[in-house]
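You will see chain A twice below: alongside chain B first, and alongside chain C after that.
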Partner chain A sequence: MSTLSTPVAASRRTTLARISDLRAWLFLILLVVFFEIWAEVTYHSSFVLNPYNLQSISVFATAPLLLALGQTLVIISSGIDLSVGFTMGLAAVIAAHVSNLSMDALGLGEIPAMVLAIAAGIVVSLVPGLVNGWLIAHLRVPPFIGTLGMYGVTRGAAYLIAVGATVPIHNSAYTWVGNGKIGELPFIVLLTAIVVLATHYLLSQTRFGQHTYAIGANRDAAIRAGIDWRRHTIKLYLLSAICAGLAGTLYTGRFLAGAAQAGEPLLLDSIAAVVIGGASLFGGSGTVFGTIAGALVIAVIQYGLVFIDVEPFWQFVAVGVVIIISVLVDQSQRRLAGERQDG
Partner chain B sequence: MERRKFLSLLGTSAGLAGAGALPQLAKAADKKWTVALVPGLTTDAFYITMHRGADAAAKALGVDLVFQGAPQWGVTLQVPVLQAVIARKPDAILIAPTDKQQLIQPLKQASDAGIAVITVDTFIGNGIYQTGSGDADFPLSYVASDNILGGKIAARALAKAIGDKGKVFVANTIPNVSTTDQREQGFKEEMKSHPNIQILQTQFNDDDANKAAALAQAVLARDADLAGIFGANLFSATGSANGVRAAGKVGKVKIAAFDAPSDIVDHLKDGTFEIAIAQHPGEIGYFGVVAAVAHLTGNSVPALIGTGFTVMSKDNIDDPNVKKYVYTG
Partner chain C sequence: MAETGRARPLLDVRSISKSFAAVQALNGVSMQLEAGEVVALAGDNGAGKSTLIKIIAGVYRADGGEIVYNGENVTFETPHAARDHGIETIYQDLALADNLSIGANIFLGREPVRLAFGFLPVLDRGKMAEAAKATMARLDFEVDRVNAPVSRFSGGQRQAVAIGRAIYWEARVLIMDEPMAALGVPEQRRVIALIKNLRAQGKAIIFISHNLSDIFSVSDRIVVLRRGVLAGERRTSETDPDEIVRLMVGG
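Up next, the complex of A and B:
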């Protein structure tokens, strides 16, 4: 443990976090058991022991989960990043263009073009990340407003660069990144798992992680403890943008085209995943493993409801209800836990 | 080649606007008319292609064309743009209204100010104009593809591709969008005359390719013998195709895609998509301008102008007469 001088608060936090963590996973298990029973009874086959279902759901969850990872860091620090969806779209479009240009204009092979494309997508995403962090840390713009502004800027930039269309790629190496498998394991799932572990390590095992919780729990106290919150905040928004950039470049590989609106529908899912995972929108709590559970809960419901053939409009209702229940359970747990500690 | 196309289209348009329209149209050059085109959104290849068609007609007829719209679909974004356009007092407005009801009043203002209103691609009210009844019958004409017919064409082509039997489902974007609802409606109507084809529940994906892919995989997990998917718009089609690929069923599950940007058309040959139904957005823009000028020069205009479709498959996509209908940005 390092400079943080509040071990009691820290241990309280981890206890709380563990409860919330566990809750999201319990909820996930409950859902899976429900679909398993349904599948056994109706189709006489397993829902969860079916590698095809596992692959489909895990691939489905990768993009929202990548966005949610960055979002987790930002939300723990009591911020929010509304620009991730279009940062993802911007990266997707840039990556597609760079792949095409480096093959057609520079005459590069498929693999170098793919590497260059992914690198370019991620580098471009640093710009909105940096602007977000700078607006929030130095100009004291509230995160909701600052990142909403960048939501507009990145959206416009993505559409301008895409010139109003999706940008198709013709690069089988890049397509493999999005759709290839190592054995039975889809490559994007493997890559996402690595990012998940890295983020988990960063958040739970390093000073960087401790500072993130400290800033979110009480910024003034964190500043008094000597944390450079401005620098730290900029780093957090940069990390969030990098996650979004990676998600965007993977999208292009997966769907064989970059699209400006690639991440638009994922913004709310990413925030929902973090909250279902046990983080508080007021900052100071949340874990990567909670967020994984949150993202999987959303993916499993969506997939499972189609699997058991629920009517489409009821699917919307069911997903909404599950999110509300999940957060309500969390709130009441928090209140109980808070009362216990205060008393 | 382009010029010849204009001329042949102009010939068609003269026939359309009534006999003797051509000399009248030529006279339009004396007074320089201004026509504004307000698309549903400016960032979409479909509307960009429509703009090119409108531009071609404007050049051919000596009309000034103004193209102004919002970068994203939505009433709150489109209305301010429309009001700014009205303030410039064009002679006619061609608009793709983003809502059937909420655009009635703003467009009524334009109409009351003496501006001719024509809707393109989408409509206000029920899309039936100049009937003398209702509050949304004032536009002169509705120029669009017949989306119900487009859905039927997709159904016929998909039925043929799957040997007229098996399970299919419609992958659709967001409920209650007039055009995509009509495609689904047409698809289902046509399938009624194919009794050996079973239509499963429609899956809505919120215009998210990632979700469309997962939904297709979930349907395949349940119904492994799925024979075909109708993707009612771009992301519904590309997302479903990705799901089918992940399931290792490319070619076994046939996909009919509505709309024809290059990322769909490019994958007809590798079997990802069986067919692509191309609308003719350029034609919509072209005939929108022609209808406006016909009206401004004192000619009558049909209240409904239906534009065509082209069914693309791997067998005909190299034909330049087919390829020219691919949407480009």
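Up next, the complex of A and C:
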């Protein structure tokens, strides 16, 4: 038994790991406290107890969070999906066109047109998802390159289909999906919460989730255990694309128009949310819980800086700094854990 | 070598040949393995040890010869087919998912599922943790942290996890590729004790090793290959390291 590591070191390591898992939430709390103090001092009002602020932040966080959920799955499997931003734009434009066409050309009512539009947007997003998965799983293209290629393809396709402009919709049922509320709860927040729960379940409670972690940590081990990593990889990129497609169709409802550039700034936000949430870009780690915190950190920074009247461009600086800090914390934590493992 | 009048061997490899392009990796190699026996496979680099175990494990197909397993003539098309028959290979890199627990590694690819709330299928972590504890106890490796990822464990413990996975699934033949490599001395002793324990449980074990002291400390028989042919086979109790080295280098 002399070779077993001492229980003391072990428990300390676990505590450290637990703190690191909660890192993004601690960060979020610090940010909220900061804006709260600022609001109290400057405006003599509360930042966080203001329902309007809370609602705005949560609505604001939906699109990056949806993209980040798909990205979480892909990153855990040691991949990355750079195409989500324009897959979202493509879905937004397609959904807008389908809504308009099914009302004008097919004479459908608003609700069936809305349903058709959202379905079409999501179905279209399956194409880049399938191509990504196929390139990576079967042609062994590195995920960064394969999805970068699809970034270009979806970008071009979205602008071509939008004919270089935004595509306005005139469908109040669809508009309600993007802006309506159930009581005080915005519908898109509710919908995003459902997707969050589903993804959490998938990742933490199912064999599918378990295999995703295994593939990310040691693909050969997964293959030797009989896991079909090719099929699994295709499914992961499909799920990522579906998340992006859903985000795109919701965008069209929220802003009353589909736009090719709908998700352009959200690609980096989605990756940042996953990384701030504690996932490693080398794969094998990450949780939905962490990604939620990561997405909220970004949303609070972006909304909060506008709230305290800082030049909006500082948002990019702030988010960039947070990404770097969280990766540094992660690395030092790993190094610490590594040292103890050897000792 | 059936001089001891034993019953039919569990695994009977009969004049196996295999070539890769112009290279004859194995030429008419035969060996037998009984339940509860540890056979060391020795030989210099390129002697054909790896090729032989990969053929037994279903990674390669032999060009000639046959494998009789449990009285049946078998051809394993894939490693899975071999595993389904109870022949499990423990590779040098152990093939563990470092971020998962012992239980999750034991069940990797065959995770047990239960119904939550009567309808929602969820991973049965309780069953995985229990199996992890029971299996590690069977190997005399106590672990208190069944839910920790295996990256937190030492080399010997990880070796035990890889072996534990094999025995949980009722493997009858364990093929181990350099099981003592990359381990510290105390850990090597643990693994040697582990192999003896497995032998006592009736498992048949083939292991590859370069280290003669490992070979002599744990094996019952030594099969020596040289340049793809059987250079000799000795009972460990009736030979010494010098003779094995002579067989290996052809002196």
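Here is the rule we use: the second predicted complex is superposed on the first by the 313 of 343 C-alpha atoms of A that agree within 3 Å, B and C clash if a C-alpha of one lies under 4 Å from a C-alpha of the other, contacts with A are read in each partner's own complex, and residues count from 1 in each chain.
We adopt the following convention: a contact is a pair of C-beta atoms (placed from the backbone, for glycine too) under 8 Å apart; a residue touches a chain by one contact, two chains touch by 3 or more.
Keep in mind that this is a model prediction, so the values were computed, not measured.
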Touched partner set for A:T206, first chain B, second chain C, both or neither: second
Partner chain(s) touched by A:I227 [first = chain B, second = chain C, both, neither]: second
Partner chain(s) touched by A:L28 [first = chain B, second = chain C, both, neither]: neither
A:Q261 touches, of chain B and chain C: first, second, both or neither? first
First, second, both or neither for A:N179, with chain B first and chain C second: first
First, second, both or neither for A:A63, with chain B first and chain C second: first
Contacts of A:Q55 with chain B and chain C, given as first, second, both or neither: first
Partner touching more residues of chain A, whether chain B or chain C: B
Partner chain in contact with A:A165 - chain B first, chain C second, else both or neither: first
Shared chain A contacts, counted only where both chain B and chain C touch the same residue: none
Touching residues (chain side chain A, partner chain B) in the complex: 43, 50, 52-53, 55-57, 59-60, 63-64, 155-156, 159, 162-168, 170, 179, 186, 251, 254-257, 259-262, 264-266, 299, 302-304, 306-309, 311-313, 315-316
For the chain B and chain A complex, residues of the former touching the latter: 42-45, 47-48, 71-72, 175, 200-204, 206-211, 213-215, 217-219, 221-222, 234-235, 238-239, 242-243, 245-247, 261-263, 266-267, 327-329
Partner chain C, residues of chain A touching it in the complex: 1-5, 7, 10, 13-14, 201, 205-207, 209-211, 213-214, 216-218, 220-222, 224-227, 284-285, 341
Residues of chain C defined as touching chain A within the complex: 79-80, 91, 93-100, 104, 108-111, 113, 116, 120-123, 142, 144-145, 148, 151-154, 156-157, 184, 186-187, 190
